[in-house]
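Take a look at the structures listed below.
The following pair of complexes shares a single chain, chain A, combined with chain B in the former and chain C in the latter.
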Partner chain A sequence: MEIFVQQMFNGLTIGSVYALVALGLTLVYGILHIPNFAHGALYMMGGYITLTMMTNFGLHYWLAILVSILAVGLIGVLMERLVFHPLRHAPPIHDKIAAIGILLFLEAFAQYVWGADYQTMPSPYDQVVHLFGLTFTMQRLLIIVFAIAVMILLYVFLKKTFIGATIIAMSQDREGANLVGINTNRTAMLTFLISGGLASIACSLAAPINLVFPGMGQLVILKAFVIIILGGMGSIPGAILGGYILGFSESLGATYISNDYKDIIAFVLLVIILSVKPTGLFAKGGH
Partner chain B sequence: MLKLQNVSVKYGSFTAIENLKIEVEEGQIVVLLGANGAGKSTAFKAISGLKKPSSGEIFFQGTPISRRTADKIVQLGIVQCPEGRHLFPAMSVYENLKMGAFVHRRKKDEIKKSMSHVFELFPILKEKQHDPAGSLSGGQQQMLAIGRALMSKPKLMMLDEPSVGLAPLIVEQMFEVIKTINKEGTTILLAEQNANAALKIADKGYVFENGSVVLQGTSNELFSNDEVRKAYIGA
Partner chain C sequence: MQKLRSLVGLSIIFVFMFSLVACNSSKSSSSASKPSKTEADGASTVNIGYSGPLSGPAAFYGKRTLNGTEMAAEEINKAGGFEVNGKKYKLNVVALDDKYLPNETGANAKRLLQENKTPIIFTPHSGGVAALQVFNQTENKFIIGAYTSEPKITENGNKLTVRIPPRYDGYIEPFTKYEMDHFGKKIAFLPTSSQYGKDWSEKLQPYWEKQGGKVVYNSSIDFAKDTDFFTIVTNALKKKPDVLFIGGASEPTAKVAKQARELGFKGGFIVMDQAKLDEMKKVTGSYDVLNGAIGVMPLVHSESPGIPEFIKNYKAKYNEDPGSEAGLNYIATYVFVEAMKAAGSVDDPEKIRAHMQDGLDKLPEDKKVYVIPKIDDHGGFEGELIIAAVEDGKIVPIKVK
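Moving on to the complex of A and B:
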């Protein structure tokens, strides 16, 4: 029983990270109508920038994260302006190819600047806490609390503010959004900014319990794809729920099935859910 | 109020409208008649800023607007109810209406007032305000599209085929509402295939064929014109 609870806690931790990454991916899906393959590179950049800010510039962990959020958000905006915006009238396959191009470019860039070595990110929260018979590090608790706080903030922003609602409106009908007076260019940039920021938060939170290296975004983004397909492309509750479903199944699977099969669980889950409900759990009507 | 001066719009090498001259006076209801593909929707797109004219100029209250973006044009007071409605299907009726007031987003009281005005015109929307727009019937969706457009407090409202696919009784109701909106001070530009219903409420009309205006006149003139009767009224 204790192991079960401990693993549920771990699932909650990984699930929080997955949900943050998947949220950014699903928001941008509403703008591009393709999954942004370069999103994993934004995640990786987030980790490196936070790490550099801490080790080279001596910034505190939180301050480093803040810089990283802004920087990666900006990379996201540049991506939209320089690559996806000029391609907006091109067939969707061009966006896909361009996204893969950006991914390769950013990974090569990271390797050039920071090297190919695996690096560790020190966290000021590596204390071990014993609570209710459970053992965990502060960092893991922090991931959960911070990620959930970010998700609540995002929800309030999207649901309760006019500017946030433009993102939802544009994902549902771009021309309709334009016709009520929304500047769709600005909304697209805002979406990429938020999406980059979310990727950066996710990686900066998760990096102290993992490692930082140029290819670190690949497996995460692959799983984020699974999550948004699972939750329904473009669905926000779907991305959150999907993130946690995957987090729980991975940590429980690693314990009760085998740790070696941890990474395959996501894809088995995908096959099962798509066989039962081909449109995903929270599919929107229409497309 | 609105003046199209020799406006042409091209899609690649295809000329969708050519040398269009249209004038709408303040307070009028003006109708564009024509079959599918005659260029009515393209003219609307050009006015709304969704498609840039290749030549010519569009004036709104004396200002040239053909270079402005779609969101700026809504701010000027021109709103379009497009063909296909382009609602936000997963948002509720209430949220759709609220988004319609995007250009007035800082004036909360005004939004509330506009909203209750829309609910007065279309009581069914009030009843269904928490339902997603995508779950409404065709007629209700059309009402919501008109309501959403009204939320921007337009000076000029363009309606692209509001009667398409609707039951005759609903069409009649829709045109009554359009007349009311006009009486309350909004100028109306209407694109229709249903010439019978449209000419009854319109002041004047233009007949489109293959991207050009082939006939224009007051509604009475067009109503009694043999060719119009043959082509669009069927009598």
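Moving on to the complex of A and C:
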């Protein structure tokens, strides 16, 4: 029983990280219908910027995260302005190629600037908490709490504020949104800003339990794509639910089925869900 | 207007980039310049090839192995080069990136042979070595400077392979004995899921069981895919092991050890030779977390004659502590040069290989970062195994009988 609860906790931790990454990916997809392969690189940049702020500028962990959110959000906006916006009339394949190009560029850039070594992000929340035979670390609790808080905030923002509503409107119908006077350019930039910010939060939270290195985005990006396909491309509740499904299937699958096959479990789940609901759990009509 | 805007955008991205570059404290090394065949002072150039991972997830490892060779070459050139048959030569290291892929190693080697006529090609992974062994004894012969502790690569009868590090199976007996004496007979396997990790497991398991031990959990961790190790470590600890077998690149291996401690593990660790205790300490913060770990003696704690000078120079040049990757490739480069002198040839790989023992004998005392008295018939350096354990937060050397 203890093991079960411990593994639920482990699944919740990793699922929270997955969900945050998938959210950013699904937002961009919902609005621009671009599978942003470079999202993993944004995640990685978030980790490096937080780390640099902490080690080179001596900022506190939270302040460093804040700077990193803004910086990565800005990279996201620049990506939209310089790459995706000029390509908006091009065939869809060009977006995909461009996204892969950005991914390679950012990874090489990170290796050039910060080197290829593994780096450790120190966290002020390194304490270990033992409770009822279970082990929590503060950082892990923080990941869960903070991730859920961010998700709630995002949901409120999208549903209850006017600017948030423009994002929803645009994801439902771009032309329609344009007709009722929504500035689609500004909304697209805003979406990239939020998407980059989410990636940066996810990485800054997860980095202290792992390491920071140029290829770290690849750890999560493939899984994030599985999640948004599973949850329905462009769906926000789908990304959150999908993130946790994947997190739990990994931790519980590794415990009760086999560690060596835990990745297969996630993909089998994907196959089953797609056979029953080919458009994903929370599909939106159309695209 | 459109043009102006994109111009502004571009300039912003550049400003951003340069500000980030400015933040960066570590300097990336400049690429090696390509000298002409004969330099002003009348010395000819011998090209030494290198093919290893210089980009991608293993780039840090490739870089460290290359650093050792480059540093040795630079020192030799600064001292005026070396003389073979009355003719002066300087070294030029030509490094190519193979992204850790054996097929790329093969392609790189062909290129090195055609463009640079390299008599020796270093490669730091067993897959790459295997790819080179396919054609290194055919028309364009060359010596493989193999930085891998895999015994198979020298035992397959390839006559032009030199294995630089000690073979890993020598570690199994002392490691097992130490951990069994200090902690107990139940072990859980959590090494990296690379081929090398699997080979290690396959050697360790029968020996551990022969000594009356039991493997209670046997799995591996894919450091390129797993974001978090808590799940698998929880599962391993559920079986109440006394000892954990861990390994892979130092930093993620250290994370595994740290997370095991967080989950309440009190036993010892067998650390695969790929991971280095001093590099692991950088991640864990102190050696206390690693108490009871046994592994390869970190170069910085070693007492070989060439160590102090080497550490000082390496730190000055690369701004980090050297590991055995750098140390062994450094010494190997010197040995190859001494072997060329003894052989009286800089371009006949067979002659150079035949004089490797002379090269080892003539190696200057102050370059002996490791003491390697002998090369065996198959081409493996027979250095002494120096291993160490962590006890009470300190590195303690362990004698191998």
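The rule we apply is simple: the second predicted complex is superposed on the first by the 281 of 287 C-alpha atoms of A that agree within 3 Å, B and C clash if a C-alpha of one lies under 4 Å from a C-alpha of the other, contacts with A are read in each partner's own complex, and residues count from 1 in each chain.
In this section, a residue touches a chain if its C-beta (ideal position, glycine included) is under 8 Å from a C-beta of that chain, and two chains touch if they have at least 3 such contacts.
Note that this is a predicted model, so its numbers are computed, not measured.
A count of residues in chain A touched by chain B and by chain C gives the higher number to C. Residue contacts after overlaying the shared chain place A:Val5 against neither chain B nor chain C.
After overlaying the two complexes on the shared chain, residue contacts for A:Ser251 are found with chain C alone; chain B is out of touch. In the superposition on chain A, A:Gln172 makes contact with chain B only, while chain C stays out of contact range.
By the touch criterion stated above, A:Gly215 is placed in contact with chain C alone, chain B being left untouched. Within the complex, the chain C residues that touch chain A are 6, 9-10, 12-13, 16-17, 20-21, 23-26, 28, 55-57, 59-60, 63, 219-220, 224-228, 230-232, 234-235, 238, 249-252, 255, 259, 262-264, 282-283. Interface of chain A with chain B (complex): residues 162, 165-166, 168-169, 172-173, 175-184, 284-286. Those residues of chain A lying in contact with chain C across their complex are 3, 6-7, 10-11, 13-14, 17, 52, 56-57, 74-75, 78, 81-82, 86, 108-109, 111-118, 120, 128, 130, 135, 137, 140, 206, 209-211, 213-215, 218-220, 250-251, 254-255, 259-260, 263. Note for the complex: chain B touches chain A at residues 48, 50, 69-71, 74-75, 79-80, 82, 85-91, 95, 98-100, 102-103, 105, 134, 148, 151-152.
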